[in-house]
């Protein structure tokens, strides 16, 4: 603020059809990565139960449960199905659920999300991926400590929702230096910035979505660019050193403008 | 020998249609695991170049080159294709190559193996998997140190052939405790006993193939069981304390019987 | 015999690569039909538990367990997978099992057959199809009455092996007029001549395989046709009124020739 | 009315994006079931021509014609394609048609619906499924008695539209006790409440879509719940014993309010 | 105009959800045809480099680059993927790109379009298809003469955008009589009316989309039909001999009405 | 012969499992090319009926009939299915037919070949590909002139068997300069050396299969190389200027050696 900067934040830019377009690459990367790091967690040297996600001919594949079928969840499911795991997706929205059934054509089991149902799946899972993102809110604790305790010993979980508090009661943020810990017998992967692990891919993905905005700024200047696109304008957080975004003001304890 | 034991070795039991049936689960597990550990090697914290194997929408997926299209190679390819990577298989046998083309239907590029061609692929690869197994022989060095040096910085390799000496000039055996090292800028994964990482799956897979032999021994006794199945008999290494397998005798410097 | 007939029996003609080529259409038809009649058995009006095999979006599909992965079993699995059911195949032969894994690519779970494993699957199944054919022998009783009793109430089974005695202890032959009965709470479909239900398709399928033999008989006469093809000759049961097939003689209590 | 009840009817609740969300599970179940009951109708003991829908290797599969490519039709097509039948879908809406082509990628033939074209398909069909639902209207008679007469003898039809009068001139409602009749040589399946046959699956499917409405009623009470969601409010038929839904009043001959 | 005609032009009719519905069949036909004519251009007798698009087992397939992932581009990609070519699509719109990734599941590489990236793909391509349509505008020159010169000798291009000026600097319109020419070593296919080559298919496709409008005209008369559908009204170019469409008036140098 | 040459002919070299390995690339290339040249023949400027093989959404795709399901036929079918045409394969060998059904899973209709059946398919076909190769014999005339006359006007045929006389009565050899002619209203493509059109791909494919033989000759010399591999020895046609191959001697009217 002292520098008089004008700042636009990725997290609050809204797309033409709604949504947060500058965050979606994070969802895609995290969703796809969740399966490969989950597979790695299941290796014995990492505390896992020694299950190969896709099995081998004649041996049961690993059971993967994905909580949430949005961008992250669908990308996770695509990878898990590709590795021939036994995949279940739990999704709350009926329309989205139908789209996923139509897309996966029986290769993944797509079910409605409800507390009991989730418990039933989690108790039999080798790997649970939480891909529940409540825009602008904190993630509900879908999996209690008690439920984690009853999961198979050496099973694994990847909590993509960790940036918003995580959806396991046992989740706590980790980093790429020490990405995992074992609690209640379950290997937890809760890295807050998963994109960093695949920086090359992530950077290109972010460029793809930010470039049009950057071009607009370069061509029109800040004022005109924001005036032309109301969703872009919602990204404006700081204007000439003054915090102008209502939610940010509120969060910082500043009076409304 | 002193204990007067009779020993049958997995490595020399021959199947009804040839082949080494008790080793094939090792090939299946190693092939499938090679992609998940390769994906992990490419993460930055492990020295990798930060490429996500399957890419994300709008970003080029990683290039995977698989040397050898036998059981290991085909299992590796199935996983890599499933993760939506850009996959090339190099295979020497024309019939086998046709089978793979028929199976993958354009999802993987299946090409003949020759020195020049391999070099061209390896130089552009994010991940190279060597899945070349010469039964009973040492693996040819398909990838020279010089070629490794010219690979992209931060690319990765998994040497499934390490038990037979490996097919990279830069390969040296590692263990699950310290599975990787970086040499010439390339992350090397050369764990000699890959099955150990997924012991649950591997054990079940081995049980599947050994059970019929065990039942035969239990039902018939050693002598009759071996007499009935000449391929099984080839597994006999030590009989009542005497080494009887010609190749083993030779390797141990014993005179032929 | 009194008529002095010369008779060649479908059941004993052997193909150029072994096998019983004139029986394989029966296996194909029965395998494919088993899923559609099994789906019908699960309807409530037939005593079934009211499960739709493929489920609908958001509802768990039916669990189908197929015992045996030969021609019948693979055809049954193809239909069940196509209907988006949750399919498990149990197969004893390792090579065959690998072929099925390769073919279904994770859409069906292909596992080794063993007593315990089968029990585990059967106890959770909506539909069990027995597709175990021991050429020239009677089918083993893979599913005991006790196990049937512990299956879910209203689940169903189709016993393709019924012509050879069936592989459920509770199986007894039925006909197209009254194809099903309920025993121990499980709907049983044990029609002995399943082909009759789809006579148009079955006839064409049989014609396809018999035509070359018929042409050979027409072109060469019986003697030359049989002389030219030793497998065809094995089909000879009665020659000029004399039973000549050793197994048939034995079964009829006639002295060996 | 005398009881002073307040009644909300499934049939008139409108979803956030339009449509009748509480009826869609009926469409999904009926669409998927139509193929399995159609396959059963084609069996000889039921009057059918003895065609196996998916054929067997070397024998032409059955021809399935699906009139309408909405939720019912697309679900029917998915099952028929899965059973390897020869499937044609006739759909009037160009955008929907393109979606289906994109989805089925040549596995089903998706064509525009017009009178002549439908006749051409129906005359060659083994199984015709009518999946035409005109919301709030009676179904057009797409298939005349004359056309039924010219269909192949022993062919079959399933009239999903029977609840709205059916789209065959020869359709008349049947029940699960006697689900089929033969008219003009064609096996007719016109059960009005197809969901009842698979009550377990249907109930779960209905729960999935009604649960959010039930929760809203429980949390907010009737008045607030309806006030908050105008589509839900359209479901209100009777309020404290007074019929309030305009169309229902009209149908009952009551004066407009 | 002298005849007092009332004329409605395909090119300006707008659909209920926007778009130009009467032009989309042109896009579908051109997209699908582009691959078969491109394959033909690559044959040696036509000046091509003698590459078979799908390769054969063991030989690298042809590289196909498709500029634009709209209706034309997606249809071209479907055919190229079906022929087992190595396919890359360049698309500018992020949402559309995600849809294509979801649909092709790794069988085509879908990347963002940018100048540098396009150059990299074009320089390695066997076949480039330009499927960029800017509604109502002239096509940008995405591929310069210089870039064409640096393409592999004997490679080919199909310029679907030729009706709007083409997106290669070296494009000039051709006809079905002499569809191709070689410039800068690259075989150019720039037929302006690609639909004419497959007139049977094109006519049926056009009928499908025009029929509802024709019926509306026949049922309601011009005035009412246009009044009822504002998008249809936008198709009105000439009314009783007077040019009424603003853009057409402008293009003809007539004063605005 | 005068030069005293020693000559080995591609056409008579026999592979380890039988077959003519040096001719199979010809079959693969011709099979795959047959569909792209067939699609081109159907264009109106070439005399075709103007049908796009894969149709477009809402329009019936072209009907492709492939006579013979060997290497050529299967490769042709793969391309036609990939282009979303309506594909029927006629094959005589039951085992091969089952393999094709298993592979195509309902995407192509695989039927037994018989005279009547072929006629039925050919009369409704847009494109007929003859892929019947009788090793060492002349091709049977499967399609009579009369049948050609009754094919739809403007339909097309590609006769891969033309090198062995062709399997249409109306076939006569053509060249790449003038590849097609119209007879009885049907466009005929009968180029004798189809590989020449895609010389780059063909050469690489031939290299793949000949290289091992060339290496064997280079390493061992002619005598030892042939002695070591009896199938290779069958390729020997001329030895030091003397024709030694029995069939060639006979064809040239030389006395047996």
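A, B, C, D, E and F are the chain letters, set down in written order, and residue numbers restart from 1 in every chain.
Assume a residue touches a chain if its C-beta (ideal position, glycine included) is under 8 Å from a C-beta of that chain, and two chains touch if they have at least 3 such contacts.
Please read all numbers here as calculations on a predicted model, not as lab measurements.
Listed by label, the chains that touch subunit B and also subunit F are C, E. The pairing of subunit D with subunit E is characterised as different-residue: of all residue numbers used at this interface, under half are used by both copies. Most remote chain with respect to subunit F, judged by CA-atom centres, is A. Inter-chain centre distance (subunit A to subunit E, centres taken as mean C-alpha positions): 38 Å.
One finds 53 Å separating the Cα centroids of subunit C and subunit E. Each of the following residues of subunit C touches two or more other chains: 54, 57-60, 78, 81-82, 84, 94, 97, 102, 105-106, 112, 208. Chain pairs that touch one another are A-B, A-C, A-D, A-E, B-C, B-E, B-F, C-D, C-F, D-E, D-F, E-F.
Touching subunit D in their complex are the following residues of subunit F: 54-55, 57-61, 81, 84-86, 94, 97-98, 100-102, 105-107, 109-112. The residues of subunit D lying in touch with subunit C in their complex are 25, 28-29, 32-33, 36-37, 39-40, 42-45, 49-60, 75, 78-79, 81-84, 176-177, 179, 196-202, 204-205, 208. The part of subunit D that touches subunit A in the complex is made up of residues 17, 21, 24, 74, 78, 82, 103, 208-209, 211.
Taken in their complex, subunit F has these residues touching subunit C: 94-95, 97, 102, 105-106, 112, 114.
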